Every structure is written in structure tokens, then in C-alpha cells.
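Presented below is the structure to which this report refers.
Naming follows writing order (A, B, C, D and E), and every chain is counted from residue 1.
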Amino acid sequence: MFLAHRNGQPARAVETEADADGAIWLDLVDPTETERDLAARLVGKIIPQRADLEEIESSSRLHLEEDAVYMSLPLVRRTDTDLYSSPIGFVLLPARLVTIRFSDYASFDNAARRIVETPEAITSEDAFVMILECIVDRLADVLEHVGLNLNQLSRDVFSGYDPKSGTQLAAWQRAILRRVGHAEDFSSLVRDSLLGLDRIAIFISETRKQTLPRPLAARLSTVSRDVTSLTDFVAQLSNKIQFLLDAALGFISIEQNDSMKILTVVSFIGVAPTLIAGVYGMNFKDIPELTWAYGYWYALSAMSTSVILPLLWFWHRGWLKAGTR
Amino acid sequence: MFLAHRNGQPARAVETEADADGAIWLDLVDPTETERDLAARLVGKIIPQRADLEEIESSSRLHLEEDAVYMSLPLVRRTDTDLYSSPIGFVLLPARLVTIRFSDYASFDNAARRIVETPEAITSEDAFVMILECIVDRLADVLEHVGLNLNQLSRDVFSGYDPKSGTQLAAWQRAILRRVGHAEDFSSLVRDSLLGLDRIAIFISETRKQTLPRPLAARLSTVSRDVTSLTDFVAQLSNKIQFLLDAALGFISIEQNDSMKILTVVSFIGVAPTLIAGVYGMNFKDIPELTWAYGYWYALSAMSTSVILPLLWFWHRGWLKAGTR
Amino acid sequence: MFLAHRNGQPARAVETEADADGAIWLDLVDPTETERDLAARLVGKIIPQRADLEEIESSSRLHLEEDAVYMSLPLVRRTDTDLYSSPIGFVLLPARLVTIRFSDYASFDNAARRIVETPEAITSEDAFVMILECIVDRLADVLEHVGLNLNQLSRDVFSGYDPKSGTQLAAWQRAILRRVGHAEDFSSLVRDSLLGLDRIAIFISETRKQTLPRPLAARLSTVSRDVTSLTDFVAQLSNKIQFLLDAALGFISIEQNDSMKILTVVSFIGVAPTLIAGVYGMNFKDIPELTWAYGYWYALSAMSTSVILPLLWFWHRGWLKAGTR
Amino acid sequence: MFLAHRNGQPARAVETEADADGAIWLDLVDPTETERDLAARLVGKIIPQRADLEEIESSSRLHLEEDAVYMSLPLVRRTDTDLYSSPIGFVLLPARLVTIRFSDYASFDNAARRIVETPEAITSEDAFVMILECIVDRLADVLEHVGLNLNQLSRDVFSGYDPKSGTQLAAWQRAILRRVGHAEDFSSLVRDSLLGLDRIAIFISETRKQTLPRPLAARLSTVSRDVTSLTDFVAQLSNKIQFLLDAALGFISIEQNDSMKILTVVSFIGVAPTLIAGVYGMNFKDIPELTWAYGYWYALSAMSTSVILPLLWFWHRGWLKAGTR
Amino acid sequence: MFLAHRNGQPARAVETEADADGAIWLDLVDPTETERDLAARLVGKIIPQRADLEEIESSSRLHLEEDAVYMSLPLVRRTDTDLYSSPIGFVLLPARLVTIRFSDYASFDNAARRIVETPEAITSEDAFVMILECIVDRLADVLEHVGLNLNQLSRDVFSGYDPKSGTQLAAWQRAILRRVGHAEDFSSLVRDSLLGLDRIAIFISETRKQTLPRPLAARLSTVSRDVTSLTDFVAQLSNKIQFLLDAALGFISIEQNDSMKILTVVSFIGVAPTLIAGVYGMNFKDIPELTWAYGYWYALSAMSTSVILPLLWFWHRGWLKAGTR
């Protein structure tokens, strides 16, 4: 997809060079080769491939070519069912901003909307800073949501497995660990995005120090400050995730032994009556009890007693109340 | 609730604009829409919603609008039964301070009392700094209390499970882990509050550098220093919590094996006599012992011996003294 | 207790104002209300209560009131049987130093001795710095001792449980964990004391920058450097304790499985002979072996073989050498 | 091997002094003594031995001798089947660069290709910086690949062991831990290489501050910035590896108990029917059931019931659904 | 032992004052009181006792007394069989250097050799810096060796226990943990030595800033840089040790369950045939199978089947291939 944005006007799909006339922001979404070539012709610059944007060293992510600033970062995207990061690229030119991305992002939609709603003319740098601001806003909202999820996960870990819940103990434990792992993945991806944003904000501030209008410079440093506060927030989340992992392992250890205990108790309880039965199954010529009138009932009572007494003791010690939590 | 505070006078509930005449501090507690609108009219500024105050990026938490300074932070509240954090907001104006909160806080009550007891006129900035000071005082008191609780928890972890206590082992273990988790939650919420306080103190010092009276600036930097010392204290607590979690997991592992051991010993002890009974239950034509005069008693003695000898050995090795701790 | 110290003279108990004449250092040890009032009258200043000295925020611990400097810190005390921290307070006045404490400390005794042995006149600031120096010296000595204890604990952890020692495995394991916990508690309390000392040294250097004689300033900065080196030492200890905890948990896991293994082996070994006895206990009309001349002996041999063969295999595999370590 | 590189010309093997005429870069690959001597004669400097290049203190790694700069670092090499680090050395002279290495590296091949493709004359410093750039490029590519591998490992850990996969549980668990260990080894070796690169870039910038042409200095500082960004990336990887190790240990603990559980359930289920069989194997004179017409069938039913009822209960509780994950 | 070193001459044992004539370095090795007194007379200064050199606070380790600089640090010594740290002391005087130590050190031997081989006159400061350089060289060599050992340990941990190795599983596991503990002890002792070296280098640079000849100052700052690089190396080692400890605990957990599993499987397999034997051992009047012609053989077949079927299933699932790793 190839969209052109102008302030005060709705976005327009670009199919010919004319479609981009007067557009301040050219937005390539998972572009075809044709769209990429068209964009390259329009701005007279190379448009980077996806592989270029996935490079990780800073000289690949941030560099100048004459009057063009090339920047890229990995941006996390979170849907209801999935979580991944894909690269986004910026080519900032004096007259235009080109963005290249491979995924829908609410933040880009928001930036487009803000540009449409802006009546006065804006520069390519205005558009660029607006997109950064929208990305930061969106990441902050998502992080708030993750923080709430983590609180729920914490409650689930510490309230423990409910045997009446219908799920199997091991399945419940696996689900808990997976949620912890998912939270860690997410916070790791967000941290990468925030680091990328921070480097971009610093890079553009430094390379355009002389020419950047004062209000834009101020907004860029606000972006930097926000990124710092979000990075602190992620670090807190990450500590909490680490702690939850350790605590979950502790609960798993308790739960497993707790469940196994009743089984062990019952196995233990079988030893004495089985031995009694064995004794009276022996073929000695002269076993007096075997000839007693109520010998069989006596043996059954002895067996019952050998079961009931330890059961009472276990009960008294609370071993059988598996539900006590 | 909507309260107006004046120095030297008791707080008054605000229902009409007149109720707020001469008030230096307007305090909105979980305000209705009507109360919020009334406050907005009184100060001629937008009063933020709860969702606005829950934003986490610093540009949402700290910003200027003309002569108004908007600030927010999450403030932890701890009751006997519960623990949570809710946002509080400040709108600092030249003539008035507006606070928005959603919970009772001892620190706000203390600040109101200090203002009532101040005979001379105070400015909105005085009131603002007073509230910050009361929050810091309160957090410090609560942290001292948490530190004592943690010492008790440490003693409980290291003195271990008492089988005579009437609680079930697993229930005791879960309670220990939950107390560790609760302490961690608390220290995490306090850290967020302290971070918010620190940013506010820095923000107001910077934005009002020129105009803030010298004594107030000094008090603000005292607030900052206190926040730093409390943050160090929380970091110490957090290390201790981490250590207690690891130690508790170690004790859990010892306790469980210790309890299980006696069961295992007894199962083990059943093997030999059961085998003897089996042997003399065999139907071979010619088993000499079966015809011995005291064959049965001999067999019973053999079984008893096969039980008592290992029991003695275990006793000698200390395996049966489950109570040794 | 209320003591007055003068240079060149032994300490004197203070009961009336006259007892304190010419004393440079007034030392209140767990003072009664009467003693506190007497001290307050003597210096014309408020003498803080224990609760005041237990405050944790820096503005409560360090503040000025006219010509008096109020300072407090928690100071660890270690006896042969116990370990705790109690607050100590300083009120430094131009003519006198007042200290308030609630416990005996070797460092205070040492400082008193040094003052007694000083022939020339000293100022209240001299006395104050001397006490700080004695506290640092003492903490360093105690830390050296703790370092040696920790080396012993490390050797105990890594040499492992000795089954011949007469102690029960679980009791030994609990004792190891408790020693680790004790070391951590101690290092945590020392760290608090060192942090308090450091803040005091910095506070007094700053507030008295203009008036403090050069040699005293140099001694204070030596105190600060010493505190830094001791803090590094404690950090090393703390890392070592953390490592020992993890290693101890590993050894506990090995020991427990090692002990349990022999029990499991023996249970396993009972399966085959019990089954053989069961087979020949069956009541089939025609079981040829039952009528063999040496049928019983054949069965006993089969049982013995079924026990001995796996035992040999286990022996060969080293499973039965529980003592190998 | 001993290669000589010239700009605009293919590499040539050096066997006599003449082969190196006009070469800007002399590249010794696992050189023989003869090759080392030849190189030493050509440049009039000592060529370090492998042991010299393996020294770890910075004064051995980076030093000047008259107009020669000696530098060394450990460089990681990763093939499909192996992973190791071997030292590389640089001797930078005004007219020539000598490199000593003991392994093939894609980065050196790339640098040679770039020199061949450069038409204009280059200096020894140009060649040196080019090699550093190629090393950084290569490390970045390898790290991207490792990052992808780690994502796969994370998915494998969190999707857990598949009993239908044909591998044994313990073998699968060992493989997971080994992959974690391999990732950690790799990130540790990369970190060493990056640290070495960074120190070299700083050393050459400082020692040649006066004489290094401006564009080369800029390229060196780009190398430093790239190294910093890669070091951050490795730190992220390392955190993730640490987290995966902990999570894998958690899953191992769940899996093992899960597998063991079914065995325990079945052992438990054998207790009751075995006891019933024992009871009716007793030899009491008067056991009424033994003479019942359908006594045997009654006993079989009782046994079946004692098996089926707990099985149903376990089934209902989900204990038998080992596959639920 | 008491040795005197002069440049260009072999070391000479000191027994009378004359033996030390013209010596630039007096080296006391575990000195007797007589030797210490002799050294004190020779230099006119107090020679510290071992207890003085073991102090840990920086004011005890580094101080000036008139023209004498007193310095001490703990220096690690590693022999084939042992590992320990003992203090070394320096008294640096304008005309002479005195060292006090309690152990042989290769580094001191190397320094003595370098002095012997130096033809021109050297100062006491030259000797002092030479010793520091030799210590750093030696620590670097030892660390390289430890790094290689750690790689071997890592391979041992990750290749796992070999049941065919002849060592018992638990003994192997204990040996692994002990090697990890040993590595940690060593890195901890090296870190202490490096910290001591660094403080000494800084102290002497500062206290002799005015008078230290330029080349010596440069060599001291090279010592500092080397210490920094070695400290980084130790930090890497320490991370690796930490990681290996965690991984070793994981493997221990896998190994133990793996070994225990076969035992459990066999116990499980005994349940069904034992039950069958029990059934046909019952004394019911009418058990049809008992009178079957081939009843006994039928029962034996049923038992065999009840053993073989689950064995096959376990085999198919890979549970019996304990050797798969």
C-alpha cells in the first residue's frame, strides 16, 4: 500500500506520480517493488528494503545521505491474539517525509488523523515529530494495559491453583509460566522500540541542531523525556516479571508436593493391612487365630484399625485437608 | 467530595462558588461531574479526569498550560486489609491549588490540619509544598512499619514450619510466599509513588526557578533528598524480599522432603515382613518351617525383627526425629 | 545512664547539673525521662526521643536548629548470641556534644578512652569526629570477623553433610540456611549503619564547611573514604552470601535425593521376590514346582537371586555407596 | 598462509620479499615460523606470537613501539557446527598494516574484497579501519541470526515437551539446557570481541589524535557507536537467555512431575485390589464369602470397583489427561 | 626470611645491618620478630605486623607517616592444590622500599629478577612500580588459566553425567558444584587483590603527584588501566560462574529424575502380576481357573503379558533408554 498525506486533506492512495503532488508524508505499507520504485522516483532517493531496516548496528539504523536522514527502528505491535515486532523506516527530506513499514499501527493512523485535522501548512519535520509523538502515546497506553495484566497475573499466581477449577494442575502451571514468558517477551520488544525511538530523537536533534525550529526541538526533547519515563516503567515491569517467575516456581513446587502427598499417604496406609492379610495367609500348621470362632472378623478389625488410626493421625495433622490454602 | 481549605480556618464543603471564596486549596475527592465542573469554573481551567491522571508518560504527568502547572502521580494507600495505588493530580495556579484524588489519605488530612493551624496567610505554592512534605512523612512512617513486618517475616521463614502449630504444611508455605509477594507489591507501589514525587519536585523547581521564594525552594530540595533516602530504603527492602523469597524456597524444599521421609521410611519397612509372609504363604509340599511346633511364632519374630532392626538403624541416624530442627 | 566525659579525666555519672561542669561530651545511654530533662536543661536544647531517632527520611535524621546539629543513624550491635540495630543520636553544639543511645557499644567505650587519654583540651567537634572514627574502626573489625565466618560457612556448604556427624540431615540443612540468613541480616544492618555514617560525614562537612578546622575536615573525609571501602567490602560479602545460598540449595537437592535413593533401591528390590512368593502361593491344582522335592529351596534360591543380581548391579554402578562424596 | 593485499589488485600469496612489493596490508593466517620471519623482515618489526596475542591485560593488548601500533583482541568465529574465539593481532605501521590471525573470518574476506574494489590508493590506516568496519558488520549479522535462534528457543521452551515427538523427556530437557548454554557462550564470546574492538577504536583515536585524517576519525567513532549499540543488543540477549534458563527449569520441574504422576496414580490404584486378594487368601477356618456360590465373582467385582472408582475420580480431576497442555 | 635486592646484583639474605648496604628493596617474607626489628632499625620506621596489614578500611591500608608511604593489600596465591589470600605490605621511603609478605609469590620472584637484570641504578619508586607490574602480569596469567578451566567446567556441566564413568551420580554432582564454588572463591579473591592494587596505584599517584618522575607516573597509570581490564575480565568470569551454577542445578534436577525414573517404572510394573498372583492365591471354593488343565500356565502367561505390555509401551516412549542424552 502507498498512501500520501497532506495537512487538511484526507489520505490518498498513490498510483501515479501525480497522486503524491503536494503530499508532505509518503507512507509505504508493506510496499510492492513497483510502489517502492515509484516512491524512489518521487523523492529522488533510494528507499530501503526490509532487510536494510532490520539491521541492528546504529550506523545502519541512523545515517545521512546528503540532505536525507535515514532512520529505522523495530516497532512492537500487539493484537488480541498476537505479539510481534517489525521494522519501520523513515527517510526525512527537506520537502517530504517517507515512511516504510510492514504492519498496521494504531500510532500511524493517529498521526495521519492529526495531520488531516491540522488546518495550517506543516513541514516534513512536523510530520516526523508528530509520528514519534503518536508512537510514544500508543506505547504508553499499551504499557498501562500490560501493567494491569501483570497485576492480574500476580493475583493468579498468589491465589494459587484451584483444584475445583476443572483445569489440570500441570496445565494450569504451564499456563502461568507461559503468561510470565509472554509478559517478558512483550517488555523486551517494547524496550527495543523505546531504545530505537530514543536514538532517533537524539540523532535528529544532533544532526539538525542548527536548523530545527525551536518548538520542534522542544517537542523532540519531550519525546526523549517520555521515552525515559516509559523505559523506567518497563524496567519496573521487568523486575516484577522476574519476581513473579521465581514466586510461580515456588508455588509450583508447593502444589506438586501437596497433590502427591495424598497419594503417598494412601500408599503408606496400605502397608499394614496387606501385611496382616499376608500373615494370616501363611500356611503354618498351627496358627491359633485361624481357628478362633470370630478369627476372620478379628482380622478384619485389625486391618481396619491399622488403616483408621494413621488416617486419624494424618487428619489431625491436617495432611488430608488438601483444600486448605 | 469537594473541600476548600483556608489557613487558620477549618475546611468547608464546596457546593456553590461562594463556598470557595478565599480558599487557597481546593480538594476534590473522587469528584462527581458537577463538582469537577464547579471547580473548573472556579479556577477557569480544565480539571483532569481520572484517566488523564493515570497516564504514565512524563509529558502527560507533568505539563504547563499558561500559568497552570498540571502534575500527577500514583500514590499508594495501605489499610489494615488492603493495598492499592490510585492517581492524584495537582493543578497549581498563582492564586490557588487544586488537588484531585480518589481515595482518603492520611497525608492529605495532615496537610489540611497544618494549614488550619497556620495563622499567617499562605500561598498556593506553600500549600503544595506542605502536601508533598506530608506525603513524604507518611510514606516514611509506612516504610518503617513495612521494615518491621519484614523482620518478622524473616524470623518466620528462618524459624521454619512448626508441625505443632495446627496449620497444614502447604498452607503455611503458601502463606509465607504470599507475605513475600505482598511485601514486594508494596515496595513496588511505594517506589512508583517516590519516583512520581521526585519528578514533581524536580519539575516544579525547574519551571518555577525564577519565581519560587528561596525558603520554598529549600523545602522542595529537602523533599527531593528525603525521597532519595526513602528510595534507598526501599531498594534495601527489595533486596531483602528477594533474598527471603530464595531462602523460603530453600526451606520449603527441606520441609517437604523432611515430611515425606517418614512416609518413605515406613513404606520401606513394610517390604521385608510382607515378603516373609509371602514365603510362608507358598503352597510347596515340603516347607519344613510350616510344621515346626513354634513355626508361626518363629515367623512372627522374624517379621518383627525385620521391622525393628532397620527402625533402630533409622532412629540411630536421626531419620525419625522429624521434630529436630 | 548519663555520663559526662572530659579530656584528661575519667568519665563521671551525671545526677545534678554540677556533675556536667566542663564536660565536652554528654553521653545518654537508654536515658530516663529525668536524665533527658536534665540534659535538655544543661544544653538548652530539645533532646530527641527514641522514636525521633528511628525516623528514616534524611530530613528527620539530619537537620539544623540554630547552632545545634541534630544527627541520627541506626548502629548495628553484635554480641556472641545476638544481633540487632538500635538508633543513636548526636546533638552537636558549639560547646558540647550530646549523644543518645540505647545500647552498649565498644566503639563508644573506645572513644571515651581516647578522650580520657588526650591531655590537651578538645572541642565538641573533636569529640564527635573521634566517635565516628571509633565506630568505623569497630565496624571494620567486626566485618573482618564476619568475612572469616563466611569462609567457614563456605567450607561447610561445599564439604557437605556428613552422615556420621550425628545431626539429622534436615537439621543440618536448616542450620546452613540459617547461617546464610544470619550473615545476610548482618550485612544488611552494617550497610544501613555505613550509609548513615556516610550521610552524617557529608552533612557535617557541608554545614560546617566554613568553620570546621582543616585537620578535622581531613579526618572527616578519611572517615568517608573508610566508609566507602567498607561498603565495597560488604557488597562483596553480600555477593558471596547470595552465591552461598544458591550453592546450598543445590547441595540440599543433591543430599536429599542421595538419601532417598537407597530407600528407593530397597523398595525396588522387594518387587521380584514378593512376586515369586505370590506365584507359589497360588492355589492352582497343578503347579509342578510345588511338588518338586527341593521345590521350596528352589523358590528361596530364585528369590535370593532376584534380590542379589540387581543389588550387584547397583553396587557396580555405585548407587549403594552413599558415603562417596 | 601469508597474503598481500593492494588496492585495485587481487590478493597475492607471499613467498619472497618481492611478493609484498607495494602491498598495503600483509595478512598472516596461522603463519609458519618462516612466514612470520619473512613478515618481520619486510616491516622491520617483531611480529607477535599467538601467546602474545592471547594476553588479557590492556597493556599487552594495546601498546606502541616507536612508529608501530600493536593491537590484539579475541574474535569469535561461528560455523555451522562449532563456536570458538581465537586472537587476532594488528601491527599498524605508517606504510603498512600487518594482521595475524589463526582462523578464517568472513569479515577479513569482505575487507580484502573491498580493498580490491577500491580503485584509488589507500593508506595502511584506511585498510585498518576497513577491517574494523567489516568485523562490526559481520558481528551485527551474526547477532541478528542469534536473536532469531533465541526466539525459536523461547518458543520451544514455552510450548514444552511433546510426548509424541519420539525423543525422550530427559533428552529433550538436556537439549534445551544445552541450547541455552550455547547461546550464553556465544553472547559471552561476542561481548569479549566487542569490548576488544571498542578498546582498539579508542586507543587508535587517542594515540593518533593529531595525525588521523578527519574522515577516518569520523569512521572510527562510527565504529565505536556501532559497538555500543551491539553491546546493548548482546546485553538484551543475555537477559533473555537468563530468563529462558529460569523458565526452562520451571518447565522441567512441571514436566517431570507430570510424567511421574501417572506412574504414581497406577501404583496407588494397585493397593486396594491387592489387599482384597490378600484378605481372601487368608486361611481362617470360617470366612463366609469363601463359600458363597458366586464368591469369586463377588471378589473380582470388588477388586474391579476398587480400581475403577478412584480411576474415575482421577479422570474427573484431570489427572490422567497427561496430554493436556 | 629477609632479603635485600640491589640492581645488577643477586639478592642477599640480611642478617646484620651491613647486609643491607646499598639495597634498594628490603623484602621480609614471613619475618621473625628479630628480622622485623632489624628492618625497623635499618629504615628508622615502624614495620607493620600481619594484623595491621589485614585491616580492611582504607585508612589502615593506605597512609602516610612523614616521608614514608604505608600500603597494604590482600594478594591471592594459587598453588596446584590450594588457594588462599594473604596480606602484603609496602613501606615506600625516599631511599628504600620495604615489603612485608607471608607467602611465596611468583610475582615477587619476577620483580627481583628484573631488578637483578637492570644494569643502571634504580630508585625505590622504580622498584615499587616494578613489583606492581609483576603482580598485574601474574594475575593476568592466572586469570587466563582460570578462564580456560571455566570453559572445561562449562563443557563438563553441559555434557552431563556419564553413567559409564565409574563415579557415582551424586559424587559427580557434588564435584561439579565444588568446582563452581572454587571458581567463585578464586574470582572473589582476585577481585579483592585487583581492588587493592587499584587503590594503591591511585594513592601513590595522588600523594606523589608533584615528585613522581613522568615515566613512572605513566607506568602507574598503565597499571591502573590493566587493573581495570582485568576487573572487567573477572566480572565476565563471575557472570559465567553464576550462569554455570544455575545450569548445573538444572542438570542435577534432570539427572536425578532420569535415574529415579527406571526404578519407578519397575516398581509400577510389579503391581499387575502381584495382583494376579494374589487373585489366584485366594481361597474361594469355586475359582474355575484353578482347576483348568493349563491354569498355572495361563496365569503365568497373564502375568508375563501384564509385565511385557507396559514395558513395550515404555520402551516405545523412550522411557527405558536412560542412556539417551
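One rule holds in what follows: a residue touches a chain if its C-beta (ideal position, glycine included) is under 8 Å from a C-beta of that chain, and two chains touch if they have at least 3 such contacts.
Owing to the predicted nature of the structure, the values given are computational and were not obtained by experimental measurement.
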Third chains touching both subunit D and subunit B: A
Contact distance in steps, from subunit C to subunit E: 1
Intercentroid distance (Cα basis), subunit C paired with subunit B, Å: 25
Centre-to-centre distance between subunit E and subunit A (centres being mean Cα positions), rounded to whole Å: 40
In subunit A, residues with contacts to at least two other chains: 246, 249, 253, 267, 274, 278, 281-283, 287
Overall pattern in which the protein chains touch one another (line/ring/star/complete/other): ring
Round-the-ring chain order [start: subunit A; next: subunit D]: A, D, E, C, B
For the subunit B and subunit C complex, residues of the former touching the latter: 136-137, 140, 143-144, 147, 154, 157-158, 160, 222, 225-226, 228-230, 232-233, 236, 239-240, 243, 246-247, 249-251, 253-254, 257-258, 261, 264-265, 267-268, 271-272, 274-275, 278-279, 281-288, 317-319, 321, 324-325
Residues on subunit C engaged by subunit B in the complex (per definition of touch): 54-61, 163, 166-171, 173-174, 177-178, 180-181, 184-185, 188, 191-192, 195, 199, 242, 245-246, 248-249, 252-253, 256, 259-260, 263, 266-267, 269-270, 273-274, 277-278, 280-283, 287, 289-293, 295-296, 299-300, 303
